[in-house]
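Below is one structure; the comments refer to it alone.
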Amino acid sequence: MMETYPLLAGALLFPLGMLLACLWPGALLRMPSYLAFAPIPAFAAVLFVADVSPLVVGPPRLHLTFTLDLPGALLLGVAALLWITAGAYASPYLQGRPNRGRFAVCWLAALTGCIGVFLAADMVGFYLFLAMLTLGACGLIIQHETADAWRAGALYIGLGLLAETLLLIAFVLLAADIPGNGLLIADAAAALPTSPHRDLIISLLIAGFGMKAGLVPFHVWMPRAYAAAPTPAAAVLSGAAVKASILGMIRFLPLDTALPHTGTLLAAAGLFAALYGVVIGMTQRRPKVVLAYSSVSQMGFIVAVIGMGMIAGDGRAALAAIFYSANHVLVKGALFLSIGVIAATGRRYLWPMLLPVAIIAVGLGGLPLTGGALAKIVVDGPLGDGAANTVATLSAVGTTLLMLQFVRGLITTVSTDQEATAAPSLFWPWLSTAAASLVVPWALFLAVPEGMLPNPLAPELLWKALFPVLLGAILAAVVWRWVRRLPHIPEGDIVVVLDSCVKIAPAWGKTIEQAEGMLRRWHVAGISLLALTLALGAALLAQ
Amino acid sequence: MSIASVFDIALVALILAIGASTILVRTAFAAVVMFAVYGLLLSIAWVRLHAVDVALTEAAIGGGMTGLLLLGAVARSRSDDVDRVRVGYPVRLAAGGLCALVVAGLAIVVLHPPAAVPTLAPVVMENLPPSGLGNPVAGVLFVFRALDTLLEKVVVLLALLGVWSLAPDRAWGGTPGLQVYAKPDPPLIFLAQLLPPVGIVFGIYMCWVGAKDPGGAFQGGTVLAAMWLLVIVAGLQKAPAISRLWLRGLLIAGPMLFLAIGLAGWVFADAFLAYPEGYAKPLIVAVEATLTLSIAVALAMLAAGPPERAQQQ
Amino acid sequence: MNAATLFGLCGAALVGIGLYGLITNPEPLRKILAFNLLGSGVFLLFGMIARRAAAAGLGGDPVPQAMVITAIVVAFAATAMAIALVQRLADETGRASISSDSSDAVDGEGKS
Amino acid sequence: MPATTVLDATTADGALLVLAIVLPVVGILLSFVLGGRYAERIAGVLLPAGFIVACIIFLKVWQGGEPLIYIVGGWQPPLGITLRADGLSVAMMVAMAIVICLIGVFAHANFGSRAASVETRAPLVFWVMLMAISGAMNMIFLGGDLFTLYVALELLTFAAVPLVCLDGRVETLQAALRYLLFALLGSILYLVGTALLYGSYGTLDIVLMSQRVRLEPATLAAATLMTLGLFAKTALFPLHLWLPPAHAGAPAAASAVLSAVVVKGSFFLIVRLWFDALPGLLSVAASQLIGVLGASAIICGNIVALRQKRLKLLIAYSTVAQIGYLFLMFPLAFSADPSPHHYGDALTAGMLQTISHATAKAAMFMAAGLIYAALGHDRISELGGIARALPMTMFAFGLGGLCLIGLPPTGGFLAKWLLLEATIATAQWWWAIVIIAGGLLTSAYIYIVLSRTMGPPNAPLTLYAAVPKYQEVAALGLACLSVLLGLVALGPIDVLQVGRPEAPMAGLR
Amino acid sequence: MSLVMDIWTICAVSAGALFFLAGTVGLLRFPDTLTRLHALTKVDNLGLGLITLGLLPQTSSLLLAVKLVIVWLLVQLSGAVVTQLVAGAIRQHGADG
């Protein structure tokens, strides 16, 4: 096994170095072709790092600490895979498009942020890389510079910064609780259950990470952002970047301590989002938007798993959630990439292409033998046998339905040229992602010592996984056949409310501006000066 | 009640009345005239406060030069066409009320002096002899708090450059306006021929005597400046172009010498702005003399305003 | 009440008068006048403090007196600069004003 | 030597402090006599020299852990004047020296006079005033006497006002007059305070004052008047009437120096006053009042900034808002249940915010100036496409914006982190809400500007003037500084605590 | 001797003050600028002259006496010139009250 330090450092420094190299115009020009190489050191680190000894950067007083623990490694591994394939996909995608340099810069920033978040072991580093991820992602979303893209970017960065500020307060509160000067996340999580501000901190963390994870009602940015972003960007954002919030929850929330109330709330919110995403998603036409709503649903489901873990105080729920997330990383990535591939494929070659898409898509609903089914088995334990499990099954049905809707929508985007085929440089990255999404979950599943988890090939489990899929398929047939018109819900649904709020804001702004203009008149300012003098004098006298 | 207190009370009443009328009279011209009177009254107040140095400064600069500046401004601006938008009655009432409260607060402070009034007068007197100065105020200005005085000279220079910076670009380097009379007036010329010799002697005397008695560089410089302005206004001499090297040199000569002696103190008296033992008085007098010149030029140029005509080549 | 206190009160009152004039008078020139009035009030407060601290055979504490001299000069320099500004403004526009309305209008239009 | 108790003696290397003040003064005098053609050359030598001196002082203080002291003329206070460089002074000195130097680099394009055959107005005035500002700031940072500080403050004002109206347009003249008059009002109020303090304690030396100070009406009145006067000069809301037109109207280099440097002078004096001269005198109610003013500045300034149609005005209003952040340190440092730790933290946060705003805002004003120079206007709605024409400039603007928003690793982030920590430690959550809301509003207008500039142009973009590379580099350099400032947490941040008296917990209240 | 001097001083200074009073009344009551000037100059000459003469015996040294006389002369000079200038200005631009 290799040394830990250089691997961890390389994982971070390599993309960072590429990012800095972009300052040189010559490098910037070529950078889009080399995006796929940036995450390779990170992937290597996951493969070769054996221990969790931390990498400490900086003097003792205030330093950054990086480490590769099991949840981080799992997510980093699959995320790095996705970043590699999506990077390879992006290179032909960008050819001849404007702003390629900017895309590369934002891509690398988001990538560095993503890797950093997965590796960070202290709060400052976590926050720093989360911010970098947000900024980079925002840049990717606005890539096309359409009005929609700008609006989506504004929504994304606004909610993102709000989330980060909430997290910042939570971190500051946590830092106050950590004994000594350290800022390690592990210490913070350990100190959290006994903190005097426990409930406040947990609420802030959940709100902050919830916004980032697209928990209803903070999901509004997802449909808009993913619809606006270029395909490869949407793939990494929905696949890899959004998992930072899941990792954050797992790192910060005290999952080993039973917190039934908070857990119940979290689980309920997650399950609600899991169903809500499906319902709204069904009304959508554009494949990207459907996938975005599926992300809302899936992220909700993962959050629900964490919530159930909190109820029981069961730390294993974390790993289950991570496994589920890891599967989702690759599946969602592959599905987003497929949008570009199908759009470049003619009707003649459609079906060979569509088959893997359909398998992966329905796999998300739990099709036996796919990663989705494995993930469902893994999370079955934490979900328990109660209402949560029922809702989970319901969500599996819904997901299947939604995925079929996606495939159906995908067919309509097929290229008008009958004979067209996707370029190999688009096709192969997509296919390898798809393959990875099938293989990697198995590899991970098999790495778990035998006996811990039920045998996925057991007939009753196969049936249990199959029947929601069948139900979903039947439902899809019913809906397509008989429900003539689905209601049309705008992308981002309740964001419309926000939009109308934004329309009111100028009136308020105008009032404040007028008041400020008033205050800027000479005699008003003079009188304020005198009044303040007296007020301050009185306040100083007041004991 | 002694005669002195009656006089003081009357003086204060007069100062307040004239001060208030400066604010309240209708035209700017009347206000400026009132202000000139006010300046003179204030000098008397300073004499009553046993601060003759301040009285001289107030009369020369606070009343005299400032009055001159204001008068010039009024004469040029013709206050009739200034916009006469007055602020509303409620605003004035509010401002008046708040001002009254501030005054009340200050009055309370004035009426409650600390039990033991702190003073530096004995310390000043104790440390004055080595400098050879007889005037404690001059001692404070040039020995103990010389840094303030040096900075203040820089402030004046900056203000002058600030005034000059208001010139239109084409007039840069040219001569200041200062054209009050279209053609020279015989009585004025007469005055401008008669008065300056007296004034110059007087100004130098003020500067010289400042080391021992009330007076000093500023007061002397102001008188010199007034004489120069008189000569220029009367048309006997043209205002100098601001790009003239001698003008610039005169302006900085005082502060430069002050600074140089201060820096020399570093070498010869082991502290910045300290004077070597035994040489204090001559050095201070030298500084004062040069400063007087610099101040005279600076004040005159400040009063003359920004350059308005391009320099004739 | 001794003379020092009397002039101190006079100074306080002048501060009030000056403040009132500075705030309520719309003409810049009159504001400058009011500023000078305000300043002289403050100087009188210094004078009171100096006079109160008379000792060692001096009529007053020379340190605050010296400060007043410095402050008078600074105030004069300020007045000169302000007047130069007022005059330039009057030359440019035909009237001197710092009223916010006109400046806002200009701000809104942007620079040419 | 005076017969008073010996408090301080000139320390080794104390002479450097004199140098920091004398260098700019020499520069001013020389420029006056040598004329405008040499002014830039003189500044080009003396400003970097001043920066080096500041750095040396910084290192001495940092390594020695002791303040540097110089007794001017060998006269001990209360009779004489001392110069004193503690942690606050040296940090501010170095930061301002860097900013001023880079502004000098930037200004070469507009005020370059090396090639001129005759003296012209603007270059002479600009360079002299820039040196004066540098000298006045050093004096403010080092001055140990409240009256000397008054003179320095006036020096600063007189240097700043002509910069506002350097191009002589009517609206800038109006702005300059407004600024001058209001600043004069402020300094005269400050002067009243010094008079009253001298009357009570017979000294204006800050260290002596802090030892003698008592809780009595005269002192409180003096402190009130001084504080309000300094508020007026710092343009704390609602006394900011002069700032937007003055800062928006001035030439870019002047705007940068006004916004980044000049307002910090009077702010620094407020800090000196309450933390050093009158320790422990600020009541909780008064500190909350100051906090409320700061909070309204943040909210109101940011909202009005959002509504601006011109870039420079937007940045000017952002300055109004950012000034508000500076004042949040008062309620946090002087809270109801004080502890030395948070006292120091709040102070550190305030100073960091001051410095990071200085660098970021200077960069942003420079960027705005370059845009103006290139386009001939700065209307935000018509900035489309400029990001493609001037990518480096917009990058500088964006980085500066990040610092204002407070994203890591910028100095703004570190400052906000410390502020938030102090709000929580002192249980004053309401300031945290203000800090957050301010950050979000800031991000909104930064986003609007960036989106406009990166968007497509309304009409084909015509650039009126080529923008020199070094100007862009200067702006970018400052922006990068503001971003990297967060890294000071890794070391030099401790310097701020050098020479600080113990927090006055057993103080007067 | 000193008593005589004191009486002289009191009389002369009082008379001078009276002239000033009269002059001030004239300044306030006279209808136009020229007549007002007339009142003022009378006061300047007579009033100040009388006061100076009255104060001369009170001086302690010759130098002081010379200073007094110089002050008087200077005021005379400036008063005369200013009067001329004002009158000249009125002749040029017309009296405007």
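Letters A, B, C, D and E name the chains as they come in the text, with residue numbers starting at 1 for each one.
In this text, a residue touches a chain if its C-beta (ideal position, glycine included) is under 8 Å from a C-beta of that chain, and two chains touch if they have at least 3 such contacts.
Please read all numbers here as calculations on a predicted model, not as lab measurements.
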**Asked** When you check each chain against subunit A and subunit D, which touch both of them?
**Response** B, C
**Message:** Please give the groups of chains connected via touching, computed with subunit B left out.
**Reply:** A, C, D | E
**Request:** If you tally C-beta pairs in contact for every chain pair, which pair wins? Let me know.
**Result:** B-C
**Prompt:** Computing the C-alpha centre of each chain, which chain sits at the greatest distance from subunit E?
**Reply:** A
**Message:** If you average the CA coordinates per chain, which chain's centre is most distant from that of subunit C?
**Reply:** A
**Message:** Please identify the chain lying most centrally, where each chain is represented by the average of its Cα atoms.
**Reply:** D
**Message:** Counting only Cα atoms for the centres, state how far subunit D is from subunit E in Å.
**Reply:** 56
**Item:** Cα-centroid distance, subunit C relative to subunit D, in whole angstrom
**Value:** 25
**Fill in**
Per the C-alpha means, the centres of subunit A and subunit B lie apart by a whole-Å value of 71
**Separation of subunit B from subunit E, taking each centre as the mean of its C-alpha atoms, in whole Å** = 27
**Message:** Please output the residue numbers of subunit D that touch at least 2 other chains, ranges allowed.
**Reply:** 79, 147, 151, 154, 158, 161, 165, 168, 173, 178, 185, 192, 196, 199, 202, 217, 221, 241, 244
**Asked** In subunit A, what residues contact two or more other chains?
**Response** 520-524, 526-527, 530, 533, 537
**Prompt:** Got the subunit C residues that touch at least 2 other chains?
**Reply:** 15, 19, 22-24, 26, 32, 45, 48, 52-53, 63, 67, 70, 74-75, 77-78, 81, 85-86, 88, 97-100
**Request:** Please give all chain pairs that are in touch with each other.
**Result:** A-B, A-C, A-D, B-C, B-D, B-E, C-D
**Fill in**
In the complex, the residues of subunit D that touch subunit C are 79, 147, 150-151, 154, 157-158, 161, 165, 168-171, 173-178, 180-181, 184-185, 188, 191-192, 194-196, 198-199, 202, 241, 244-245, 248, 309-310, 313, 377-379
**Fill in**
The answer for subunit B against subunit E in the complex is residues 185, 187-188, 190-191, 194-195, 198
**Complete:** Per the touch rule, the subunit A residues reaching subunit B in their complex are 523-524, 526-527, 530-531, 533-534, 537
**Prompt:** Okay, in this complex, where on subunit C does subunit A touch?
**Reply:** 19, 22-24, 26, 98-100, 104
**Message:** Please output the residues of subunit C touching subunit B within their complex, sorted ascending.
**Reply:** 3-21, 23-27, 29-30, 32-34, 36-37, 40, 43-45, 47-48, 50-63, 65-70, 72-81, 83-88, 90, 94-97, 99
